[in-house]
Amino acid sequence: MAFSRFPYAPAPESRSIVNLRPSYGLFIGGQWAEPADGDHFKTESPSSEEVLAEVSSAGPEDVDRAVRAARRAYDEVWAPMPGKERAKYLFRVARLVQERSRELAVLESLDNGKPIRESRDVDVPLAAAHFFYHAGWADKLPYAGFGPSPEPLGVAGQVIPWNFPLLMAAWKLAPALAAGNTCVLKPAETTPLSALVLAEIFQQADLPPGVVNIVTGAGATGAALVAHPGVDKVAFTGSTEVGKQIQRAVAGTGRHLTLELGGKAANIVFDDAPLSQAIEGIVNGIFFNQGHVCCAGSRLLVQEPVAEGVVEALKRRLATLRLGDPLDKNTDIGAINSPQQLDKIRELSASGEAEGAQRWTPACPLPERGYWFPPTLFTGVAPSQRIAREEIFGPVLSVLTFRTPEEAVEKANNTTYGLSAGVWTEKGSRILYMASRLKAGVVWANTFNRFDPASPFGGYRESGFGREGGRQGLAAYLKGPLDG
Amino acid sequence: MPAAGLSELAGSEASLRRLLHGLPGVDQVGVEARAAALATRSVKTTAKLWAIDTAISMVDLTTLEGADTPGKVLDLCGKARRPDPADPSVPPVAAVCVYPDLVPVAKASLEGSTVKTASVATAFPSGRASLSVKLADVADAVKAGADEVDMVIDRGAFLAGRYGRVLGEVQAVREACGPARLKVILETGELATYDNVRRASWVAMIGGADFIKTSTGKVSPAATLPVALVMLEAARDFTEATGRAVGVKVAGGVRTAKDAIRYLVLVNEVAGEDWLEPARFRIGASSLLNDLLMQRSKQRSGAYAGAQDFSIE
Amino acid sequence: MGEGRLGVRKTYKLYIGGAFPRSESGRSYEVTGAGGEFLANVALASRKDVRDAVVAARRAQPGWSSATAYLRGQVLYRAAEMMEGRRGQFAEVVAGAEGLAAGEAASVVGAAVDRMVWYAGWSDKLAQVAGAANPVAGPYFNFSVPEPTGVVGVLAPQASSLLGLVSVLAPVVVSGNAAVVVASQERPLPAVELAEVLATSDLPGGVVNMLTGRTAELAPVLAAHRDVEALDLAGAPEGLEAELEATAAGNVKRVLRRRKPEPDWAGEPGPERMLYFVETKTVWHPIGL
């Protein structure tokens, strides 16, 4: 590989800390249950294609049971419970996530394929932080600016993606529970395991049965949940395409909906940027989590005077990225989560070449088993090309150039998405100018891909609506005066 | 950009200022995050052994005390040539670093070995003396046989924006060094910002430094990972721009093998593997060497070594 | 309509981009009062008029949203002043439209003016109430501000022709959105009157566009329009809401559902309608030397 002189020896995190059961049921009403009308499926490690466990696929009847369990828990236990008691449950959960953090990190890397460095330093600590942050809200809702006695919505049906399985579960569950709702969570088909360990944590925390129910399965399970009349609130994170289907499914039902969908973020580098940090920000922006990030900085917009230098520096930096075993502590780029996703990345990358962009990847041998895609850079990308417009959701960066701030804004906003954007310049007034004109829910200036439970996250336009995190995020789980 | 072009750009105070202020800024949070991320690299087994031996070969074994004596320096030189007499496979260190008056002692003791004699000079550590005194200090050291001279820049002049003055001193010392290698100490603990570290690095390199060095060891903070990162980038960029290779020396506060390995990771991933040799990277230290030896022995035998297993100088 | 004199009947036009065009379709329809008496002819907007209105709104929105909040407040307050000056006329059309006695109509108009004043005052407070500096766990300054969603389609309430209209329109535009309004189908004259007020106020053309016509014909066009970012269904026709909502999913519109029955607009509204049509934008920046 790149470091012939100083090849770091393999440094794998031990997987013995993870005790996987051969088979998992559904988590309904505080109990593990076999699917009544569902089936089973296998979840594999995308880095080795090894089967990790067998997981239940919930059918409509299972979903119904889960929703009814959530309703019962809502009516009888969770909604009537004083906020300060709900808070203590959430604090317990937060603490347990911290205590089992290594196990969760290893499990996440096994099931998802992401590098242990990221699951250990980002996913799991942030998941714990989300429970901590929202635990504190549970008994302070009257001060959150939603009236003197804000009420929960009821039962929340939550469908989450495979890119940050545990973290997305925390983003969904923590605010919903803090606000007094009960939940039915549907983890992604390819990454169900950390949510199932989270179910164990709920048991450990003595969370009342039915407050959180976890139904694993594929799209059909999610569709059944979203369409269930007993669900008061639907929350979805995933692709814009599925988000639209859900919005249609919920239309006319009066059910509440928040959507956190795709993105095609511009990462804008001006000629007066702190260039070394910008390079890091670009790399972190698109190669973090193999680019399986809805807010990934997938379109690099570089000001022409520094474009050549930035591309050169990027190439040098990309050559140092270490791709391989997700459990190795030195791995920077892990496996692509599924063969389907790999196909999509390959297809879009091929379109980039076919449409005339120049493709570059560092010398980067790929492991023989598993699903892999090397860090890839496209230069000479025209705004009209598919790789400049469509979400690739992989480690593929499209480089475009601009001349003036106006042009940068215009190009950055020239998308149907609006989740995030990056700006790199040392000129303060320009940062604020750009931040105010970019149509994006999150603007990272001189940084990228930072997340915090106190910081609202969510998109403009077809990137969805509603926010997660911060005071604003609570609104998604509280009744407002405009409801019904 | 060729070196000649650079010195032209640096020809006047105004053009030098433009050059330095035209360098890209350094974002503190970003550079510290990057350094912290690299510090999580896990270096184990064979890689660790390689790193320990490489680090030993990069040590500038240093004593810079008012209480230094020829006896102390001789002890150090013995250690430098054969860090572990029980194990001849341990490489010698890169250099022994002393005050100018002790250069003859070190030089004589290191005769016939690969270990260089390095001397601090230019009114080390404060640099608060006239240029003529500083140059005399350098001349003294070189005349006594120093292979390498570690000078300090005038931080007062630098912080006052008198970059030309700083550059002029470096150039004058460069001249006075003759064939000796010049290491220019920036004393980054007094420079306050990473922007200043980058600018000072360029002044030193334009002035003819063979190495840019973080610290005297007399000011806290001394070497830190993010400071080293900025300097390694500067050395890399300068080398790339001019074709003249410049090395980096970290000094002060590097006490454990773990610290040293973190620096090597930084060197590897920031400047590149060309810098993974004593000609381009040094670690100024004293107690570090014994920790490297202890870790080396642990790696080889599997048993933890005791403090008394290695000589204390 | 004084005695002995034949009244001059006016055909009201649309209000698009600050101008008063006839419907591109050339169509108009008769508006009658609560008692069935003829009131006026108004333009019957077509899907192409919706298109033109969206184009006008899109063009006007960036300038309006980058105006200072203080200025937006001043402009809305000025509109309220002008409404106040035309209270009599407003009372007349409201009375005609809603079948109210003169005194009742006057009090509705008063409430509508007050509502405009109330929202005008929100312009430079909304961000303070809805925004925040967020204490993130790291060396970053992080703040959130509400920003306008963009172009908002507004189906004005069908019953409350002026107070209801102002109550849904003002919260949309005060934060910097531009609106394409479909006026109450059967009671459009107060909306047209309001458009005439807005046209002579300082509100930039295109920030508010007022269409009259069949809600059931225009609403689906707005719901499907990909350059409309949000939709207020306040006056959506019974039975059409689910379809509109589903259509709106085509570009993930924010949809504010209709409340049933139509609420009493007299009560103090609270900030929720404004908050529905803003996007929280969060900005991060490192703190360092």
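Per-chain numbering from 1; labels A, B and C assigned in written order.
The rule is simple: a contact is a pair of C-beta atoms (placed from the backbone, for glycine too) under 8 Å apart; a residue touches a chain by one contact, two chains touch by 3 or more.
What you see is a predicted model, and the numbers here were worked out from it, not measured in a lab.
**Q** Could you name the chain whose Cα mean is nearest to the mean of all protein Cα atoms here?
**A** Checking distances from each chain centre to the full centroid gives A.
**Q** As a test of understanding: of all chains, whose mean C-alpha position lies farthest from that of subunit A?
**A** B
**Q** Using the touch rule from the top, work out which pair, A-B or A-C, shares more C-beta pairs.
**A** A-C
**Q** Express in whole angstrom the distance between the two chain centres, defined as the mean CA positions of subunit B and subunit C.
**A** Going by mean C-alpha positions, subunit B sits 69 Å from subunit C.
**Q** Cα centroid separation between subunit A and subunit B, in whole Å?
**A** 44
**Q** With centres defined as the mean C-alpha position, give me the subunit A-subunit C separation in Å.
**A** 36
**Q** Of all the residues in subunit B, which ones touch at least 2 other chains?
**A** 27, 29-30
**Q** Listing for subunit C: what residues touch at least two other chains?
**A** In subunit C, residues 138, 140, 286 touch at least two other chains, as defined above.
**Q** Could you tell me which residues belong to subunit A and also touch two or more other chains?
**A** Residues 446-447 of subunit A each touch two or more of the other chains.
**Q** Can you check the complex and tell me which residues of subunit C touch subunit A?
**A** 66, 129-130, 132, 134-138, 140, 142, 144, 147, 149-150, 226, 229, 241-246, 248-252, 254, 256-257, 259, 270, 272-273, 275-276, 279-286
**Q** Can you list the subunit A residues touching subunit B in their complex?
**A** 3-11, 117, 121, 272-277, 280-281, 320, 329-330, 426, 446-447
**Q** Going by the contact rule set out above, which residues of subunit A touch subunit C in the complex?
**A** 129, 145, 240, 243-245, 247-248, 250-254, 259, 261, 416, 418, 431, 435-436, 439-447, 450, 452, 454-458, 460-465, 467, 470-472, 475, 480-482, 484
**Q** Under the stated contact criterion, what part of subunit C meets subunit B in this complex?
**A** My answer: residues 138-140, 286-289.
**Q** Which residues of subunit B touch subunit A once you look at their complex with the stated criterion?
**A** These residues of subunit B touch subunit A: 24-27, 29-31, 33-34, 40-48, 50-51, 54, 230, 233, 264-265, 268-269, 273, 276.
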